[in-house]
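Each structure below is given as structure tokens.
Shared chain: chain A. Partners: chain B in the first complex, chain C in the second.
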Partner chain A sequence: MFKKILSVLMVVAMVACLFAACGGNEDAGKSDATTFQIGAIGPTTGDAAIYGQAVMNAAQLAVDEINAAGGINGVKLEFKAADDEHNAEKSVNAYNDLKDWGMQILLGTVTSTPCIAVVEEAYNDNMFMLTPSGSAVDCIRYDNAFRVCFSDPNQGIASADYIASQKLGTKVAVIYNSSDPYSSGIYEKFMAEAAVKGLNVVAQGAFTADTKTDFTVQLQQAKTAGADLLFLPIYYQEASLILAQADKMGYDPAVFGVDGMDGILTLENFDTKLAEDVMLLTPFAADAQDKLTQDFVNSYKAKYNEVPNQFAADAYDGIYIIKAAIEKSGATPDMSTEELCNALKGAMTQITVDGVTGLGMTWTADGEPNKAPKGMKIQNGAYVAM
Partner chain B sequence: MEFLQFFISGLSLGSIYAIIALGYTMVYGIAKMLNFAHGDVIMVGGYLLFTISTTMGLPVWIGITGAVVGCTALGVVIERFAYRPLRGATSLAVLITAIGVSYLLQNLALLIFGAAPKSFTSIVTMPAMTFANGALTVTGESIVTIAICIVIMIVLTLFVNKTKPGRAMHAVSEDRGAAQLMGVNVNGTIALTFAIGSALAAIAGALLCSAYPTLTPYTGAMPGIKTFVAAVFGGIGSIPGAMVGGLLLGLIESLSKAYISSEMADAIVFLVLIVVLVVKPTGIFGKKISEKV
Partner chain C sequence: MKQGSRLSTMKKSTKANGITYLMLLVAFAVVQIFTATGSMTNLIKGLLVPACIYIIMAVSLNLTVGILGELSLGHAGFMCVGAFASSFFSVCMRDVITSEWVRFPIAIIIGGVVAALFGFVVGIPVLRLRGDYLAIVTLAFGEIVKNLMNVLYIGKDDSGFHFSLKSAADLGMEPDGKVIVKGALGITGTPRDSSFIVAFILVVITIFVVLNVINSRQGRAIMSIRDNRIAAESIGINITKYKLMAFVVSAFFAGIAGVLYSHNISTLTATTNNFGYNMSIMVLVYVVLGGIGNIRGSIIAAVILTVLPELLREFSDYRMLVYSLVLIFMMLFSSSPAMVNFREKLSLKTKRSKGKKAKEAV
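Right, the complex of A and B next:
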């Protein structure tokens, strides 16, 4: 008897859900003529949650600021975030959910692998897309897609140039994730540029998604080869393990990371002493003294009670870049997704934006930004400009 | 000297595999089922220890005791409610249930602890030892892991061969029906097996997270699969087989990373497994049991 009642209840619940979903769609259809609806996709749970949460928080902050100041030419923005858990299939699902909601412009996705999947869908729909932090080359392979951050090749080349020009190490070891396009993309360009600049790379250790816990062998090879600088083009989670294992081995090289290293200081229960003196190349420094950065850092701190990382800065700039492109093109919210996309992508190559991740940022037609990176160093558990 | 270093890191990895594999192999040997949830019990052990010792700030020994007691209870509960009702069912049904339990535990952990990784504080306070002017470093975790592994193997072998519940396990393993007719409490014996296996999982969880200090709801998944391989490698159902299988797996993984390719390590591990099974289908220590007419 109990089972029967339960099954009837379940059926009622399911039918109710179906109707509820229909209702939601109708509402979305009506509202898109009066506001710009910006959707954002990123991992707010999962391994890369720190990035997704930072992006969503900062984007929301920027949207609130713009709305409080009266919107864009009097038109308000609506913002909706969707979680993809740093997974390509879930990201495409999130994209479709946001389209059902009435998304006209996509801020996303946050991480590279899902971004490469979503850009296909967005291209088919001719949806304008600006990824704050998707750095793989293919993230913006179509003309509807742009990015705020540096691309992987740029990060690899810039890292090699920086290490060479600052003479940070005489013998360099690299540990990278060969199963991740982000990591291996940076690695390849780094190696090519290192050869040009005459950097002495003495050890290269790869790992994959299935072997990302034990790095003692790769570290031992680096140690035996006498490497005094360890280049880690990987995400902070594996980097935290590498730092801990190197410490236990009594191996203490200088460590140089890329933007994926950002977040290591906020890892729960992580001993930040291990990350002391870790260097990374990033376009954003929370301790920079210019007014733009300080205003952003203070309002972010007031709202979310933490110092924004580089992903937050990318997303904050992202919303203002969209604003600049809308203003330049004179786009209105009653345009179709396709008209809006054509208008915005035309405007992107003409605008110049002063943001927290760079002054005078401009874009090329293939979606890449022009801006200068800054070297950062972790000291006493905080980022300091080098 | 470098070879020795790789050998030791393989040995320490292998010791953790061995402790986990013991849980697999005991359950298979006695209940004749593959407990795919075993890897996730390790993860639960890690989270219990993290919660008690790091979040609540209690001493480590309370954390370890809590993790062992919690995992033992969890193992017995899983056996009672997920596996015992299926005792007479096909082995496929039990296998699917085990996979279900595995996902259930992962998703519960996701719900309770969230997906953001946690950095684990090592339970081992012993400092690393260096030899030959720092060319060879043996971490405290390696020494403790290898020592605990040896102790567990000796205790377990004595328990199974010398005590009454241990002999009951032998009996249930050989012929469940006949054991029941002879007055052996079959359900009790299987529950005891799960209790021991899960307690070992808690210890393995503490050691795994100390050696590789990160904790996520999926921490147990990959070691779970690899140690299943180790158990099959050594001959599933055999206690020394699980030990040897685990150690060999760790060594092969570490040495192939060092001398062949760090990306290919897993491929090589599984290739060796295939070769061993082709040559000796029952594994290294597996006995071929002929059907009696």
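Right, the complex of A and C next:
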């Protein structure tokens, strides 16, 4: 009996320790703060880690730059990244953990599904949130949330418009990832807009996360239908396999991608010759010659020893957008999270930001950015504006 | 002394169950005290409901793995079914039944019953298999459910519900129709009805039912199948019936865990991490770590393994490494021969001292 009682007591002690160990610190984003505390959530481990790491690296870079230049109106920034493993449940946990740390502004989350879960929490707390790359429509369904990237429907519509207006192909085939919200979101709007614009879509091939290595069936289907343009609203990892497999089949259509295609040139063990003449609609190109992009790419390369992708660019812009909004609203770090959110919300629709993902970006109250997508073409292993 | 002697004459299982309930009660009281004094962090507050969800998952899986003795790798599949069924109901009925005290219980029952139904349908053919084969088929079941949810589109307009397995455009809805289940995008906008109180009540119900099943006539029949199938059959136990009973009860509670899950976060998608085999294995880890067939162990393991990775956030990217090390040490602690020896010695000592005390009392 003694042992049983002991075990119960130990459980009690354990539970108490669990709760007590991380107790305290209830002053989440309250008064005496002297810095702006910016939290970021994204997958830094797991399958989607490449996106989360890029975002965290670039955001840290931007924060360091701003702090080195004296902060925002003399106020320094503090930055903390939290991992969500691309899992909605963990993302909410990460959000709560950042709140315990004292987060006042949220840069995140990086991926769409977790973002939809977190926006609900942020809305309840009235915390200002800016997602660098959460592109699903519902990511910013509340008025406290804004985004840096294009939304999925926007990309689908813009792609269809671009293909139709530039007359890039007469018969279009689409291969998309039906298990990925990003890809299927673009696909759906693309199809709707294609019907409006009179694009002739002759083949639609879907794959899922479990079948993302062999695309011969979908390619054969497109080839048989005589498609001369292949639209790939997918990420570059799968796109690289598609290009290689199409090459093996002796099938050489024009290829059109979206912003997920960015990164294909830096993929390891990928023959960049295969990507020759691939067109993509992306707001960011690491090879662009303007000073802003060059500075960003160079300092990113110097710090992390790799070429930044579009996620990094979105996050880098994200921090500067927050800076612009803070400057515009005259917010101070001693404001409560709620006051800060209301101030930034108002400022977001008034600011104009020149960033690496677009010049003269503005926002509407529903959180969507206004910026022009750039049409790019890969020539001799580098992006060239179309 | 009188009480002590009553305790020692009490049935062993009753005593063990009493400790389990006592443990739950204490945990509940501790949480309530910390909430009332406001000394609980947001992180822990956010983890209360998930901890309850995984307790339910672990306890219900323990019924299949520990009591029935069949290895099931598709437990997350039942959770997925329960989550989607109840979430679908709640989103549809959000405007019709505005009181969450009416809507949520109905959602819980729907989630549980639909999962149990799947358990029944799957169980009939599957429970004819044994050992590895059962594991393989349940694994496949979990994956099938996950993939099915990823291509399922359901919309609702004035003329009723529309189904499609292709895309939202194929639903053929009127313009004012609303797509409720959006394939890979899943269901968004589930009302947030899960609360710690409801989750805790469901944990207690789950444990109550499972413990009572174990200690009942049916439970003994189920365990006899586990221990010796041929002997059980020879004394006239209906193997299929009892196997199916355990399997369906287990699926029912997994469905309920799914309901809590889907009503705790506003977005519901079926991915490998939350409803795929990763989750099934995770729950199996809770069961194995807590001790196969040991309900109290499952509860403790589920709580520790849910909370631990979050508390390790300080280690940032190394937390997965730390987490796995902790897992290994826990496994060693619970089952390495040296540790088992040590614990036996400890329990012998307490037994002996108890015996001495009993003698003194006489």
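Operating definition for what follows: the second predicted complex is superposed on the first by the 352 of 386 C-alpha atoms of A that agree within 3 Å, B and C clash if a C-alpha of one lies under 4 Å from a C-alpha of the other, contacts with A are read in each partner's own complex, and residues count from 1 in each chain.
Rule of thumb we're sticking to: contacts are C-beta pairs under 8 Å (C-beta built on N, C-alpha and C of every residue); 3 or more make two chains touch, one makes a residue touch a chain.
Quick caveat: nothing in here was measured; it's all calculated off a predicted structure.
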Which of chain B and chain C A:250 touches, first, second, both or neither: first
Contacts of A:210 with chain B and chain C, given as first, second, both or neither: both
Contacts of A:218 with chain B and chain C, given as first, second, both or neither: first
Chain B versus chain C as contact partner of A:185, first or second or both or neither: second
Touched partner set for A:97, first chain B, second chain C, both or neither: second
First, second, both or neither for A:269, with chain B first and chain C second: first
Residue contacts with chain A in the superposition, chain B compared against chain C: C
First (chain B), second (chain C), both or neither touched by A:45: both
First, second, both or neither for A:88, with chain B first and chain C second: second
Overlap of the chain B and chain C footprints on chain A, listed as residue numbers: 45-46, 85, 178-179, 208, 210
In the complex with chain A, residue positions of chain B that touch it: 2, 5-6, 9, 13, 50, 54, 110, 114-121, 128, 130, 134, 137, 139-141, 211-214, 216, 222, 253-254, 257-258, 261-263, 265-266
Sites on chain C touched by chain A in the complex: 4, 7-8, 15, 19, 22-23, 26-27, 30-31, 34, 38-47, 50, 143, 147, 150-151, 167-169, 183-186, 188-189, 192, 261, 264-267, 269, 271-274, 300, 307, 310-311, 313, 316-317, 319-320, 346-347, 350, 353-354
Interfacial residue positions of chain A with respect to chain C in the complex: 1-4, 7-8, 11-12, 15-16, 18-26, 28, 44-46, 81-83, 85-89, 92-97, 99-100, 113-114, 116-117, 120, 136, 138, 178-181, 184-185, 187-188, 191-192, 208-210
Chain B contact footprint on chain A (complex, rising order): 45-47, 49-50, 85, 178-179, 205-208, 210-211, 213-214, 216-218, 220-221, 224, 237, 240-241, 244-245, 248-250, 267-271
